[in-house]
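Each of the next two complexes has subunit A plus one more chain, namely subunit B in the first and subunit C in the second.
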Partner chain A sequence: MEAATIAGAAVGRRPSRLTRLLRPLAFMTLPTATLIVLFLIPMGILFVYSFEYGPLTGSSGFTLTNFTGFLSEPLYGRIAWTTFQIATIAMLAQLLFAVPLAYVLAYKAGRFELPLLLALVLADELNPMVKIYAWRMLLGRDGLINEALLRIGLIDHPIDALLFSKFAVIVVLSTSYLTYTVIPIYASMKAVDAGLFEAALDLGAGWFTTFRRVLLPLIAPGIFIALLLVYVPLFTDFASPTLVGGTSGYMLGQVVADEVLQNGNLNGGAAMSILLLVGAALFSYVAYRLSRVKVES
Partner chain B sequence: MSERAMIELRGLSKRYGDALAADSVNLDIGVGEFFSLLGPSGCGKTTTLRMIAGFEEPTSGSVTLDGEDVTWVSPRRRKVNMVFQDYALFPHMTVAENVAFGLKLSKVPKAELRERVARIIASVRLEGYEGRRPAQLSGGQRQRVALARALVNEPAALLLDEPLGALDLKLRKEMQLELKAIQQRTGTTFVYVTHDQEEALTMSDRIAVMNGGRVEQVDDARTVYDRPATEFVADFIGTSNLLSLRVDRREGGTVAMDLGGGMSMVAPDPGEVERTTISITVRPEKVRVGVEPGPGWSCLRGRIAQNVFLGSVTQLIVELQTGEMLTVHELNDDEGATRLAPGAVVSVGWALAHSYPIGQGAPGGAVGPSRAGQAEVIA
Partner chain C sequence: MHPRRRAQQLCAIVLAAGLLGLLLAACGGGGGNTAEAVAPSKAEAEKPATGTVRIFAYSDATSEAMLKPFREANPDVNLQVATFDSGDEAAAKLAGGFSADVVEVCLDEAAPLEQRHLLRPIDTGGITEWDKLAFREEPAVRQGGHVIMVPLSAGPYGIIYNAEAVPGGVHSYKEMLSEKFAGEVSMDGSSAVSPLGVAALTLGFDDPFEMDEAQLEEAKDFLAENRDKIRSYATSDSDLVNLFKSGEVVVSNGGRGSVEEMQEEGLPVTWVAPEEGYWAWVCGLGITSKAQNLPAAYKLINYYASPQAQAIFAKGGFVVTNPAADPLVPKRLRKTADPASIKDAIPLTEPPNSTAYTKAWQEVSAG
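== the complex of A and B ==
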C-alpha cells in the first residue's frame, strides 16, 4: 500500500483490493438479509412442500404428484378459463378507465394535476375489504342499484345476477389496483410532447386518428407496464371472488386458498401456488419485453 | 404582389384575463407574399399567427382565408399548415412517415402520395434520410422535415413560428436563404414570425412590426428601415438615432434648427404647424464625418465619445453640440475612421432625404422631395 504524503505528513492510504471489493457489498448486507429472510426462505419452504421433500414434510420423498394432480384435473381447467375471462375483461375495463383518466391528468388538469393524483392514490389506499363490501351493498338484491331500477320502473323484479356472479367479480376487479394502472400510463403520457397534438390537428387529424396514430404508439410501453403490474394480482385474487363471486365466479386464487385453509393440503396448495407463480412470471416477462419495443404506428 | 389578399385579419383581438395579447390587428397578406410578423417577446405576433392557424379563438375580430371566413373553423379544416418552433415531429415515425402524415389523412392515392413525398424530400435536400427517425437527425435536418411535412400538403399559406430559433448562427443564415428560395419556387404565401429583425429584413416582402399587441407599421423592408413610423420601430429595427429638432425655420417643405456658425439640422416638414419641436431619426450609416455645411444638409459639430471596431464598420458615438448622442457607422474601406480617437472634435452631417420625422403615420405621407441638385444623396 502506498501512503500519500504532503509535506511529510501521511494524508491517506490507498485501500486494499479486498477492501475495495467488499465495500459495496457492505451496503448490501441489510437489504440482502431482509430479502433472504422475508422472501427467499418462504419461497424455499413453498418449493419444499410442493415436492414433498422428505426431511421437512415427514413424508416418503420427492414427488411430482401434487403438480400432476393439479394439472390433470379438468375442473381446474374450467376454473382457469373462468379466471382468465374475468381477469382479462376486468383488465380491459381498467384500461378503458385509466387511459382517459391519465389523459386528463397529464394534459388537461392544469393546476389540479397534483391534487387529483393525490386523490387517486388516496382512493386506492382504502382497505380493499371495505370496498368489496361496498360493492356488495350496491349490487345485492336489496342493494342500491336494484332499488333505483325498481323505483324508476325499468325492472319488475330485482336482478339477482348482479351479485354472486362472474359479473360482480369483474365489476369489483375493474377498480382494484386502478392507481397502478393509471400511473404508468400517466407517466408515459407526460413524456409525450403536447405539441404533437397540435401538429396532428394542423395536418388534419381528428381526435380518434390522433389517439390511434400519435398517442397510442407512444404510450404503449406504459400500457404494458400497467399490465405487468396489475394483471397478475387480478388473476390471482381470491378475496373478491370469495365475497362476491358466488359459485359461478370461482377463481384459481380461491382454489389455492381453499386447498390450504379448508382441506389442509399444504403440499397441493404449495404446488398450485408455484404453478401460478410460473405462469405469472412468464406473463410478466412477455409484458416486460413488449414494453421495451418501440411500437410502430 | 397580387391584388387579392390571401389572408385578411380584421380587428383581431385576443384577451387573456386583463391582458390584451393582440389588440385590433388589421392585416392584408397577399397571395405568394413572404410576410413577417416582427417584434419583441410578448408583442402578440405568435398569438396572431396561432389565430390564423386556428389554435387560438379570437376574443373579437375575424380571420378570412382565400375569401372564406374561417374565424371559427377548426385548424383541421383550414387550408393552412404550420411549422412549429420546436418542430413537433412524431418521434415514432420515420422522416417519410412524418412527411406523409397529412397526405394520408386526405386520402391521397398511394402512387401520388409516394411521388409528392419524394419530391418534397428532395426539395428540402433530405434524400437518403427517408427511413431515419427524428432522434437520428440534427437540428437543421429536423427543421427541414417539419417544413416538408407542412409544405407537401400544398397549403394556401404556410405559417412559421420562429422556426430557425434553435439553430446556430451560420446554419440559421443558410436556412434563411433556403426558406426564401423555397418560398419563391413554390409561390406559397408565407407568414413568418420572428423577433430577429435582421432575419425579417433579409427574407420578407413586407414586415408588420408589432408591439404590445398592436401593429405599429406594415411596409416593405426598406421602408420600415429607412422610414420608421414610430419611435418603437425606429428603435427596434437596426440602430437608430433619435434627435430633437427645434423648429426655428420653416420653408419649402423643410424645417430647420439653426445652431450658429453655419451649423444646422434640417428635416422634411411633417406638416404639423403647432409643433415647435419634433423628433427625427437618421440611420448611422447615412451620417458622414467631416462634412461642410451646405443647403439640403444637416451639419453639426461634435466630440467623439467612443470608437468601436465592428468588423466591416467602425461605430463612432458622437456627442453633438446639442448635447444628444449620435451613433455613426463608417465603412472600413480605408483607415479614416480608425484615426478618430475619443475626444477629437469633428463635424458630422447627413442629407435631408436621409432624416425622417417620427410618429407621422403612413409612409410617403410626410417625406417631402429633397432639394434638387445641391443635395448629394448617398445611396
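== the complex of A and C ==
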C-alpha cells in the first residue's frame, strides 16, 4: 500500500524546471547537430563563397560578380537550354518506364513483388562509373546493340550516334535514376485501393480514362517526390555527359565542375550552384502546387 | 514566460551561436606557413623518416611500385596518399582545408597553388641531387626568387595512333583532323589548354600558350569546325586508353606516358611528335604551406629524386630529371627517358589569360 503510494507520487510528480528546460535540448541535440554539420554548414559556406571574389581575381571582399557574370553570359544561357532539354527528356523517359513498372510491382507482381523491388534497389547500388562504362560497352561502335543490329541485318554499318551523343546522355541519365523514380510512385500506388479500378471499369471507363482520371491524380504526390528526387539532380549531373556525351551534350553540371576543378574558381562554382538551387526550389514549389491541385481535384 | 517557450528560445540561441561559430571557423581557412621550409640537418636527414607524411599527387606518381621502396626504407613512417586529376583541383582542395605535406606541382599548373599561398619555398640545400636535376633552371620553378618545386618528371605531348589500324602512321595534327580519320579521332579534353594548343599549332601560331584574343578566337573556330570529326574528348589518361581499347578511336593527341600504359595492355599504339611541333610538361614535388612533417617531406622528395625512383618514372614512359638514373633505366627506354629527347619541345606553361582559354573551350564544348 505504502509502495503504491510512493510510486503514485513519483508518477504524478512534475519534473523540475531545469529538467523541463533541458529535456528538449537533450532530445534535439544529436539530430540538430547532424543537420548543422552535414547540411547547414556546407550550405552556409557555399553561400558565403558565392559572394566572395575568387582567389585569382586579385580582389578581396564581397561581390555580386559571380552571379552577374553567370547570368549575363549568353553562353551559359545556351548551356542551360541544352541542360533543360536533356534533363526534361530524360525525366519524361523515366516516368514513361517508371509508372508501368511501379504499377506492375504494386498490383501485378504478386509474390515477386519484393524480389523485384530488391532487384531494382540492388541495381542502383552499382558504382555509377561502372554503370556508365557498361553503357559504353552496349552503345559503342562495336557494342552489343550495334553488333545485334548488324547480325540481324537491320543495318549495314554501326550506328555511331548511339554513343557520344545527346541520345547517349539521355539514355544513361534515364537509367541512372530509375530506382528513385519508381519507388515513390510505387509507394503512392500501394496506398491506392485496386478496387477503384474495377469500379471505374464497371462504370464504363477505359484503361486510359481510368489511368488519367483515377490513378494519376492519386499518385500525383508520388510523382512529385520522384521529380524532386530525380529531375533536380539531373541538372547537376556531370559524369554522364562527360563520359558518353562526346562532343555534344555539355551540361550545367559540367560547367560547375569545370569552374571548380579546372579554373579553381570555387566562388564562381558556388554562385552557379546557388542559382541552380534557387531554380530547383522554384521548380519544387511549382511541382508541389501542381500535385496539390491534382489531389484536391 | 512559459518554460516551453523559454526552452525553445534557448535552443534557438544555442543553435544560432553554434552555427555562426562553425561557419566562421570553416570560412576562416588559411593559417598556412609560407616561410621557407627549412631542410633538416644532415644527421637528421640520414635517419629513416618517422611520423605521418601525406602526399597529394597525380595517380601515376603514386603507384604502389613507386611508393613501396620508400615504405620499406622508412618502416616507421605512416605514408598517406591522396590523388587528384588536375592542379586546379589540388589547389581548390588544399584551399578548402585538405591537408597534405607534399604536393605534386606541374609548371603549367603552379599558379593557383602559388596565388593561394599554398606552397612553401624549398630549401634546395636539403635536396641531395638538386644540382644534377634537369629543368631546375626553368623559370617557373622559381617564384619570387624562391624554389617552389623540385622537378622530377617530364613528358612530351604529341600524336598517338593505332599502328595496326593506321599502318602508314599519322604525321601531323592537320592529318589527324583530316576527313581521313573523321569519327575516329579523340582529343584530350581534360583541360582547355590541350585542344586549344592543338588548334594553335595546326594554325601555325608560334606559342600555343600565349595566344592573344584574336588567335584564341581563330583556334576556337577551328575546333568548332572540326568538331564533327572528333568522336569524343578524353577526360583522363584512363579514358583515352578505353577509347583506343574499345576501338572507338584510332588516333588522338596525348602524352608519351599514355602510350607506355597502352602498350603494356597489348594495344599496338605508337607516339609521334607532330610536324607542327609539340609541347612538354614538367612536374615535380613541392611542400605545402600546412606541411606538418618537414623532415619526412624532404625525405620523400629526396626519394623521388633518387636514381631508384627516377628509373620507375622512366618505366612509365616519362622523361626523368636525374641523369644518375640512366644505368637503372631499361635500355629500350633510355632514349625516351633522356631530357635531351624533349629539347625541341615548347614548354607547357599556364596561359596568362587562362580564363579566356577556359571560356573558349566551353564555347566549343557547348556547340
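Definition applied: the second predicted complex is superposed on the first by the 267 of 297 C-alpha atoms of A that agree within 3 Å, B and C clash if a C-alpha of one lies under 4 Å from a C-alpha of the other, contacts with A are read in each partner's own complex, and residues count from 1 in each chain.
Keep in mind that, in the parts below, a contact is a pair of C-beta atoms (placed from the backbone, for glycine too) under 8 Å apart; a residue touches a chain by one contact, two chains touch by 3 or more.
Keep in mind it's a predicted model, so treat the numbers as computed, not measured.
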Clash or fit (per the criteria above) of subunit B with subunit C on subunit A
fit
Thinking of the overlay built on chain A, is A:214 touched by subunit B (first), by subunit C (second), by both, or by neither?
first
Quick check on the superposed pair: does A:140 touch subunit B, subunit C, both, or neither? Answer first, second, both or neither.
second
Quick one: classify A:72 as touching subunit B (first), subunit C (second), both or neither.
neither
In the overlay, answer first, second, both or neither for which of subunit B and subunit C A:37 touches.
second
So, does A:127 touch the first partner subunit B, the second partner subunit C, both, or neither?
neither
If you tally the residues of subunit A touched by each partner, is the higher count for subunit B or for subunit C?
C
After superposing the two complexes, find the smallest distance in angstrom between C-alpha atoms of subunit B and C-alpha atoms of subunit C.
37
Contact footprint of subunit B on subunit A as seen in their complex:
193, 195-196, 198-206, 209, 213-214, 217-218, 294-297
Going by the contact rule at the top, pick out the subunit C residues touching subunit A in the complex.
3-4, 6-8, 10-11, 14-15, 18-19, 22-23, 26-27, 85-86, 88-89, 91-92, 95-96, 111-112, 115-116, 183, 191-192, 227-228, 230-233, 235, 239, 242, 246-248, 354-355, 358-359, 362-363, 365-367
Please output the residues of subunit A touching subunit C within their complex, sorted ascending.
17, 20-25, 28, 32-33, 36-37, 40-41, 44-45, 48-49, 55-56, 75, 78-79, 82, 133, 136-137, 140-142, 160, 163-164, 242-243, 246-248, 250, 254-255, 258, 260-264, 266
Touching residues (chain side subunit B, partner subunit A) in the complex:
53, 55, 74-77, 81-82, 84, 86, 88-93, 97, 101-102, 105-106, 149-150, 153
